[in-house]
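Consider the two complexes below, in which subunit A is the common component and subunit B and subunit C are the respective partners.
This part shows the complex of A and B:
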């Protein structure tokens, strides 16, 4: 009985190509010993060059010499896959050579033979006994297909005309894991690069905004000092007032939550949201409260729980460096709403590593007027009545503290982003290293498996 | 008041040829300023012109008139109008134009918190003249009270700048 043979290179992988080729040749010769009456080196070469003809007796000692399949190897290289596969087709079938993706290289043909070969290879690689059985049944029945069926079932491939891609996938599956890992490595390293760039940008921005913030601090402190006596007094009076009247009559407070416009800056926004929620919980709804959001990132988390309390939200506040006139606009909006108390919640910048959320109450105008006696030691020099001076002072104080809060928060944001991105890029480096280890392990495991297949194949032959 | 502040600040900023920072003279914080000297801070939102300086006298444009602050001045809060702050130290005079703000005379120190300030020498006379003309035009074109008030503030500030330049 004579069979037409075609040579298919499906898995030629770089330097592992040669031993693989030899093995597969050997394997095929073994598996189809009986039908292929004789297979010599010469006819093996002919086989490699996709010639058909009577197959000479197998001689495993004569593996294909290197130059013999050089042209095919080159073409197989182009397929970017490794390993050699020989398909044996029954007489009358046109020979074929297919790429792993299933497209025919040399014309149409059946894939069945390739499946058979694949199964034979697998059986031989995994257990020499199975290969022996296969060889035996092949020789016994003289039919190529029947004995292959159980082996095919064992690898989960349907018998007969299986789809080319399924076969190709079968062949590639060993390297799929590696491919996935390599893709993941690439992703991780790209994300790491982005994080690193963001860190550098944040560091540069931090320098700018920090110098602005440091320059503005004396101003806020100068204004704050004047009101510090007031704060003490207010703390005392409110404590007293809350003792007397726990409901807090006619009080209406506005919480100004300062967050950033952009994300990826660590926990600076989360802590503000948490702080505001805590304040709301502490108040237990006794005081009518409004929430003003400066910056865009507090909106979504606040809306879920305290959507009804949000009175206004400013976004893109930090797009350009904060300026005093810009803050005046926000302060005007605060003043246009009648609240007796204003509490600023923002991140105070302590260092590039540390930011802390603070609540800064700004003494309300009514309280200020009620307790004007604190300022008795001061003489008020103005062409207007002293009440108007207080109003102006209060507005000026509000804008100043708001300005300071915005700058502190912007500085905290950049600092937090810098350290967050620093951590992220460091994590990505770690992750990349771990993945590289995994990739190498997978690659080596693949090579080891192939080697053991070779050895097992050779063992089953001898 | 805040709108005033913002308008005045922008008017002063437009007329200042160079940033106020150019003329900033920072003194190192002195632990204790001598008794016959005034412990003085000149502060802006964007930075301090003078911080913990020991000066002889400061003249501020309070809304009721120019106020001279000497050491051991009674505690006072003065609202500022657009005008010139004069700092006298060691026989030298430094003049700054301020848009508005407050001066706080505490027992132990004096703070001038201005919204915008620029060394008087940095004011551009041509720009000021232009500003006065623009403000007058805006005043004439003002349709409602708000616009009118805004134009008035601009006019006041530019006029103050003009007179400050004329006096210098």
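This part shows the complex of A and C:
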């Protein structure tokens, strides 16, 4: 068969040159039912670099076989951002490689990443890894290509240039990208379902723990009111103490950081860690400090920075609803350590949308005993030493405040989880909608390409 | 006068919990069902030294077995 050489100059503005070449090539191959030995590509080197970065030069050889045309006719003309296609067509061919259906094969930005994949496969021969990398560099969207590489391995290995199986393989490759998008859609919708379920669970748990928290508040507030007299006194005594002991040698504080056991609950735990770090920074190491961790999520971030200060940690505290005997065990641990000051750091539940980290100092036993005279207006049992009552009261107060703090934090955790999961499930819906659009676009592009190939084939035969 | 339980080295919290347990166990079945049933819990306490947890203890409610039998 005599071939006539037709030269097409294709001007492209974007980096879609390789896929474009391939489409034209595919068109010719389909039309003539032969491996297209007569089409070659000359590209601007600058462009090749721009499209792909490390696009290997020999890949051109894989991409298109050496042309069987006279060197003088193979005039490759370099354009600034374009490439030159030389297509050799048989006699009688219109000489224009234009899509019969009129779809803009030559226009910029018409390439789908699916086509880029096929080019990449051709270019990389049988090496799927290289093809994946090249495909990624061609499309400029690295992430989308990673899952395609294994799929290509099976398709790419046995591909011959023109055998009927090669055509079938090509058909498979054509829909690979659609398959990837559909799989991702499935994943996204599954995760969305999980998030929604977690939100519902958090909402149910929130109701339960909120009623407990509301029941515990009067105790904490009542005790707080009773000891509110102490606040002024405490200020006075600390001032006095600082006079006696300006370096604060005798002072020893324990920070109880209340966090949750489980994650996926927004910033609830992060703010507590931040607050404790801030407290440590404010103190500048003047006071010997111990940190007690209640809940598992504060553990890792605290260990990294203040590992040496951590004295004890509790986990699985919030597995079952918090009970007072449980809190008493934690409080007894606090009592067994000799700290002059205890500061509770937890999230106070304001509303389902709002939680705030608070520091609640608990009046120390020594301060309480020193300033017992404030409570002279109260009557004590005659057979009991008032100091003992204060010791009891101090223990009870510590447990009550701790109990309230744990419940406030548990309520905040559930509320934060609820809103976090709500956001997550909404995001997954958005993402799913976007992916559905992409999938439809890919599907339609595939159909269009097939149609144009068929029409072109029919046109050339007739 | 020092309370006997304190003299025995029991804290107020422990004392009050023991009293509550005693009261719960003394309740008649109907009232016991109504009166706050003790939810079982199991938490882990780790003691830290020099930035590393060195000892781990499993904490469970005291006398939980008897409470479970009582139910």
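Everything that follows uses one rule, which is that the second predicted complex is superposed on the first by the 269 of 462 C-alpha atoms of A that agree within 3 Å, B and C clash if a C-alpha of one lies under 4 Å from a C-alpha of the other, contacts with A are read in each partner's own complex, and residues count from 1 in each chain.
Keep this in mind: contacts are C-beta pairs under 8 Å (C-beta built on N, C-alpha and C of every residue); 3 or more make two chains touch, one makes a residue touch a chain.
Bear in mind the structure is a predicted one, so any value in this text is a computation, not a measurement.
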{"item": "Partner chain in contact with A:349 - subunit B first, subunit C second, else both or neither", "value": "neither"}
{"item": "Touching partner for A:319 - first (subunit B), second (subunit C), both, neither", "value": "second"}
{"item": "Partner chain in contact with A:219 - subunit B first, subunit C second, else both or neither", "value": "first"}
{"item": "Partner chain(s) touched by A:227 [first = subunit B, second = subunit C, both, neither]", "value": "neither"}
{"item": "Subunit B versus subunit C as contact partner of A:396, first or second or both or neither", "value": "both"}
{"item": "Which superposed partner A:333 touches (first subunit B, second subunit C, both, neither)", "value": "second"}
{"item": "Touched partner set for A:375, first subunit B, second subunit C, both or neither", "value": "first"}
{"item": "Common ground on subunit A, meaning residues reached by subunit C in one complex and by subunit B in the other", "value": "324-325, 328-329, 331-332, 335, 383-384, 391-392, 395-396, 399"}
{"item": "Contacting residues of subunit A [partner subunit C, same complex]", "value": "303, 307-308, 310-317, 319-321, 323-326, 328-329, 331-333, 335, 383-385, 388, 391-392, 395-396, 399"}
{"item": "Subunit A-facing residues of subunit B, complex", "value": "1-3, 5-6, 9-10, 41, 43-48, 51, 62-64, 67, 74-79, 101-102, 104-106, 111, 113, 115-116"}
{"item": "Of subunit A, residues touching subunit B in the complex", "value": "212, 215-216, 218-219, 222-223, 225-226, 324-325, 328-329, 331-332, 335, 375, 377-384, 389, 391-393, 395-396, 399-400, 403"}
{"item": "Residues of subunit C defined as touching subunit A within the complex", "value": "1-3, 6, 11-14, 16-17, 20, 38-48, 50-53, 59, 61-62"}
